[in-house]
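One chain, chain A, links the two complexes that follow: it is found with chain B in the first and with chain C in the second.
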Partner chain A sequence: MDKLQIATPEIFLLAATCAVLIVGLFAQARSNTVYWLSQLTLVITLGLSLLQIGDESATGLSGAYTMDILSVSLKNWILVIAIGIFLYSRDYIGNRKIARSEYFVLGLFAVSGMMIMTSATHMLTVYLGLELLALSQYAMVALHRDNGEASEAAMKYFVLGALASGMLLYGMSMIYGATGSLNLSVIGDILAGNAQNLTDARTIGARFGLTFLIVGIAFKLGAVPFHMWVPDVYDGAPTSVTMFISTAPKIAAFAMLIRLLVGGLETLNADWQQMLAILSALSMVLGNLVAIAQNNIKRMLAYSTISHVGFLLMGIVGVTSAGYSAAMFYAITYAFTTLAAFGVLLAVSREGFEADQLTDLAGLGRRHALLATVMLLAMISLAGVPPAVGFYAKLTVLESAVNAGFTWLALLGVFTSVVGAFYYLRIIKIMFFDEPVDSTEVSPAGDVTAALALNGLAVIGLGLAPGLVMSACIAAFA
Partner chain B sequence: MSFPILSLTIWLPILAGCLIIALGDRPARKLAGAASVLTLLVSLPLYFGFDSATAVMQYRESAAWLPGFDINYELGIDGIAMPLIILTTLINVIVVISAWEVIKDRPAIYLGAFSIMTGLMVGVFSAMDAILFYIFFEATLIPMFLIIGIWGGPQRVYATVKFFLYTFLGSVFMLIALIYLYRQGGTFSILGMHDLPLDKDQQFWIFLAFLAAFAVKIPMWPVHTWLPDAHVEAPTAGSAVLAAIMLKMGGYGFLRFSLPVTPDASGQMDSFMIAISLVAVVYIGFVALAQRDMKKLIAYSSISHMGFVTLGIFIAFRLIAKGDESGVALGLEGAMVQMISHGFISAAMFLCVGVMYDRVHSREIADYGGVINTMPIFAAFMVFFALANAGLPGTSGFVGEFMVILASFKTNFWIAFLAASTLILGAAYTLWMIKRVIMGPVGNDKVAALTDIDSREFWMLAILAIFVLLIGVWPDVIAGVMHASVENLVQHISTSKY
Partner chain C sequence: MTFELFVFYFFAAIMVFAAARVITAKNPVHAALFLVLTFFTCAGIWLLLEAEFLAITLVLVYVGAVMVLFLFVVMMLDVNVVPLREGFVAYLPVGILVGLIMLLEMVFLLTQKYFRAEQFPVPARAPADAMGNTESLGRLLYSEYLFQFEIAAIILLVAIVAAIALTMRRRPHTKYQKPAQQIDVRKQDRLRIVKMPAEKRTS
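So, the complex of A and B:
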């Protein structure tokens, strides 16, 4: 098999993105040409990626790039979610005189970054994908350039993100020094050969590097205590960008975590297991408690993200393939549930009006029942109440934590999820029990409404048939 | 495989509920009426085709659901679950009748939510897979949350959030226990968990986790405080379903999980459980006496009656220690009959208050007086249900209480004495309310302007009255189907799991 073939979707995406970039220069400011071209690009890429389902796993490009069930199914989800993001953002971006072609082009570059992250089996590829994603995101946050808050958020994101990248690179360099390789599978073999000798200089060097890797990953995921950027960036960025940051990149960050820790450093799992358990516990507690105090939905969802990252890490803490599958399921379902929630926020926003305070949703049940129902489903799913899909995500990670002997972490998890249920219920309460304060008609475009309905249906439908997604997650780690 | 009656009873009302919401307010009532009657008809074969000679699960259905995590779609019923399912489908019909003219604001969502909830509650009573049980158990919270929050009284938001969080907190600990049991036994099948050997410490912690879920749900003193709030603020039908069926999920949980999965821990904790049950019976009885709000009074009366259920369940272990197996069965069956009977009586009481509330818009006892003068037919019903609530012989309220008191007598005079005090307390708070509301001269102008119940309200109350009388004079109609299952349960819990 021609080894370049494993990267067909990425190659196409990157080439098409460059073409879209050029078209964007000449497109009229108010036309939707760039939007449609971007969607077309994503759809074709998705088609190419779907064709890879069932192909035999292969590693190529000097061992730097792989195509396996994990990468293919994560890519498919990233692309589906990206299509949703672009669709929900279209009118919002159009109404706000944000540089619209740049939004879509940067989004496409970010998607390529994410796809590279899911396939990377070499530390340099991991870093390449990560930076492609991160740099696009920094720029996206700053797109609203006349807005003070957005610029501040972009600055914070950039400075802290650069610091985290530095940590990550430093950790990688330590591991390179210890093992003499950047290829993750080679590193894994070398460390496994030294597994008995934990005081060996090599192993110590690798463990030292591991600590920095974890810091970098925790930052990208937004786990406590490396979460400081999350609320400010979520709040300051335009809502469509917040939606972008909070959905698909979480799947990519999960992939990076798996590639680095499980693919490369599994021998050191006794070390990273402890670190992740602490990150997980802190994230769940702080995320859920602080979210209660928020009146701004974007900030609230930011803290909610932090708590969900805690749950996701709980799945990996178990160091079992069932746990990894559970965490993968968690990342995917979290991404499309959050997508629905932000989609509703964008649909309620209109020209000159940002729906970002809790009261902006007041009486949505009367103003637009469908949107309110989609939001309701998203909220009960995030709260982990059956039969929404979020329940299975929580159930499976809890199960893997209990199986690994981390019952305390599981108990902490369910306890904090009850705390979390409070603020999700508050949104439901505001939508259905309160009277509307704003009587302006909410009228999202037809295709957006249809997509949101489908998205809500997925949240509840995959709750009734979770096996559809779960079987791929299990196959990825079989 | 035979015809999947259980699945149909679960999914028919759920799908009908979705349809009702989707089609909007215009056809909502007729659709809901048709769906509720159809669901009842579908569920009736469960009773008439039931083989009461065996304790084996009947109407079994099984299908793989979540591969890799051993979660199956497994249904089945025994003599403990079946009467509760019939109760659920029957109360659903009553709910539709009660809402027919009363609910003006968004009736489609209201009726749809009740219909969906009915399916979910049938699911709770028929799930044979622990996770499936948990899913149904938790999912019922969402429609009830919306029903109280949208159509409730002035304090509805506080009440509904408290209701949700209280019960959610209780049940997540059960989830961890279920996962732990899966880790031990490698199965989520409830019957598999029954046979799983567990040592003393494991049983103790698992028992506590189940207790957190079911004690809140049923509810036991001192975790009962959500109930009066939820009952008072909920719309009439919401209160009726809450009291008639949702509370029973707690009692059912004790019988399905706590006792068979952790028999030794249940035995060790029996004194504690009996003690707090008696607190509920006696102390809450006094609390009920002091209420000024009729719905609150009935809510406290419910807690007190549920104290009888837990008493009947946990007195069993005292009797097992004495080797009195017939007494054990008496206590457990008493608890079961009490649950069913309370389902009919409490629903009827809440509906009676609802009938008056629809006319006067007050639940305060002080706002009434002499209702019998203007609403004689209604007054007859209300007095009848009140007497049943107080445990008058010949009504269903008497049977369960009497069986539990009898079982208590076999262990300890003082337990029986305290339990029997309910006959006086129950009569006191119920009849005192009747005296102030129904009897006497016409209290005020609003009462003078009352009109008696129409045929809709008449039939709604009459159906319930028939069942209260039927069970009262012929208890075997429900006790008969549960003998074998209760015998089996007694056998199971008398054997140590060490």
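So, the complex of A and C:
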């Protein structure tokens, strides 16, 4: 055990979460004590993590944990997004019979799992971080106990997630058998030493394991053909949990992908490149085509997630550092754009009413102009219309794919994006040109409105000045 | 035959016999008890392999906890085994076929270049005064893998929180004990002394 200080944010977060858990036992059911404590915990953790910016990269804790530009900037974004998630979901879960303190405590545990995943350089740490995240998520999906759909979604998520973890573990054990190490940098060195001899027993074992590793990662990301759980879970889970699942964990899954494939198995890139290219192509096509047919916004956003995962993978396919940073930018911007979209859905929902059908948004432009504008910005960003940030994200990913010689994949990405633009623009049409079906006043809390406005501003502002985030993404892979 | 080899054959014979009885015993309680015997002899063989930590864990966890729980379930459920055995002969050919295929696969795999016995030399015998593997595991777990150990502990905590959050309900009709009230009770609250004249026994 050395250099314990590189894990300071995680150590603080875990200790504080245990404290919040105990306070939650004694807090009044209707009070916001646990909420404010959770936010305070996240803010302090964010502060500790921000302090690490500019520190020299270091690997410690017996080689299991690393602190570099990649992990620090991803952690900061995960924490910022988690603060947004808690803020947006506060009133939603307060209005429903969802165990409040457990929701926030499990959320904090999930955040620590994600932070561990971004920093892990040891397969055991990667796996444990992933399980910490996944277990918290399964429970969060099921927290709305009186809702049959939520229980069904949780069951599906749990069973398929366990299967995916099994695949991932099997792949890891094969790679361990082939190389004799769980430490990703050691694995990288051993495989690089055997690079010339592709039929060598070690390399074959590692390639065999790699296949299972990719199946596991694709499950967690929700890439086709391992996407089956995504629509059902997004639809069945309470909207606040759907928001949680679809935002920050994507950043963590991206980090896991980079740590395992680029950090450990980069020598085998000829193998994983092809697999990822197929996953990417299938995800973009299926995600965008099926999303058109959805009337339920949560299902629609689920298929939209699948297509965006395809885009994210396209950045990694090229095996260039420009592509990796493009994919990182894509993951971050996707997360906070989706956060804005779900934030609006939560603000429109009220006690006893779930905004999850497309028609529920009809006439939102007249009912609450600010929310409608934020939704508009999120939608044009997801569609990839300039000047929103989604345009720049798509552009850099496509550029890296073309430069790496994957022109066919880039073309496919462009075509499917055009198809996808239809369903994003349809939401805008429904919000601004359809007559309101429901005339109940939409009145989110003041801080939620302010945060949503800020979130919308970020979507457009980072589109105009992408360098603010992109510089960190480039530095992470320099 | 060395003593060690004798011990190995002794345990192995009991294990094979017990394993066979697990699937042939008519009474599910007997089958479960034979499974305990299988685990026990297996632990003995692991001890011979100098894997004392695994052997102890097998006895403590499987025999001590899992099988006891299993026995409880079997005894509580009162399973009727007769319907379970119907169609045994009809399924037998398929079962034999599947078993044969698995056997062939194992033989095929173990005779391959990478998995043949000569790829795995017999490890040197540990000297008598060497650190046991319980101690080495403990040292690794609490030094090099301390961080992972702590995360695993947190995962268990999450499991506890999740299980309680998902199953604990406050039902209105549940009867709770209130120790404060119980202690506060005085004789006058519960006991009524009725004075009445004594009566003669009528026998």
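Assume the second predicted complex is superposed on the first by the 476 of 478 C-alpha atoms of A that agree within 3 Å, B and C clash if a C-alpha of one lies under 4 Å from a C-alpha of the other, contacts with A are read in each partner's own complex, and residues count from 1 in each chain.
FYI, contacts are C-beta pairs under 8 Å (C-beta built on N, C-alpha and C of every residue); 3 or more make two chains touch, one makes a residue touch a chain.
None of the values given here were measured: they were computed from a predicted structure.
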First (chain B), second (chain C), both or neither touched by A:S136: second
Which of chain B and chain C A:S73 touches, first, second, both or neither: neither
First (chain B), second (chain C), both or neither touched by A:T203: neither
Partner chain in contact with A:L21 - chain B first, chain C second, else both or neither: second
First, second, both or neither for A:T247, with chain B first and chain C second: neither
Touching partner for A:S112 - first (chain B), second (chain C), both, neither: second
Footprint overlap on chain A, comparing chain B with chain C: none
Contact footprint of chain A on chain C as seen in their complex: 113-114, 143-148, 150-152, 154-155, 157-159, 161-162, 165-166
Contact footprint of chain B on chain A as seen in their complex: 322, 325, 365, 380, 385-387, 391-392, 395-396, 398-399, 402-403, 407, 410-411, 414-415, 417-418, 421-422, 425-426, 428-429, 432-433, 466-467, 470-471, 474
Interfacial residue positions of chain B with respect to chain A in the complex: 64-69, 131, 134-136, 138-139, 141-142, 145-146, 149-150, 156-157, 160-161, 164-165, 168-169, 172-173, 175-176, 179-180, 182-183
In the complex, chain A residues that touch chain C: 1, 7, 14, 18, 21, 61-62, 64-65, 99, 102, 105-106, 109, 112, 116, 122, 124-125, 128-129, 131-132, 135-136, 138-139, 142-143, 145, 201, 205
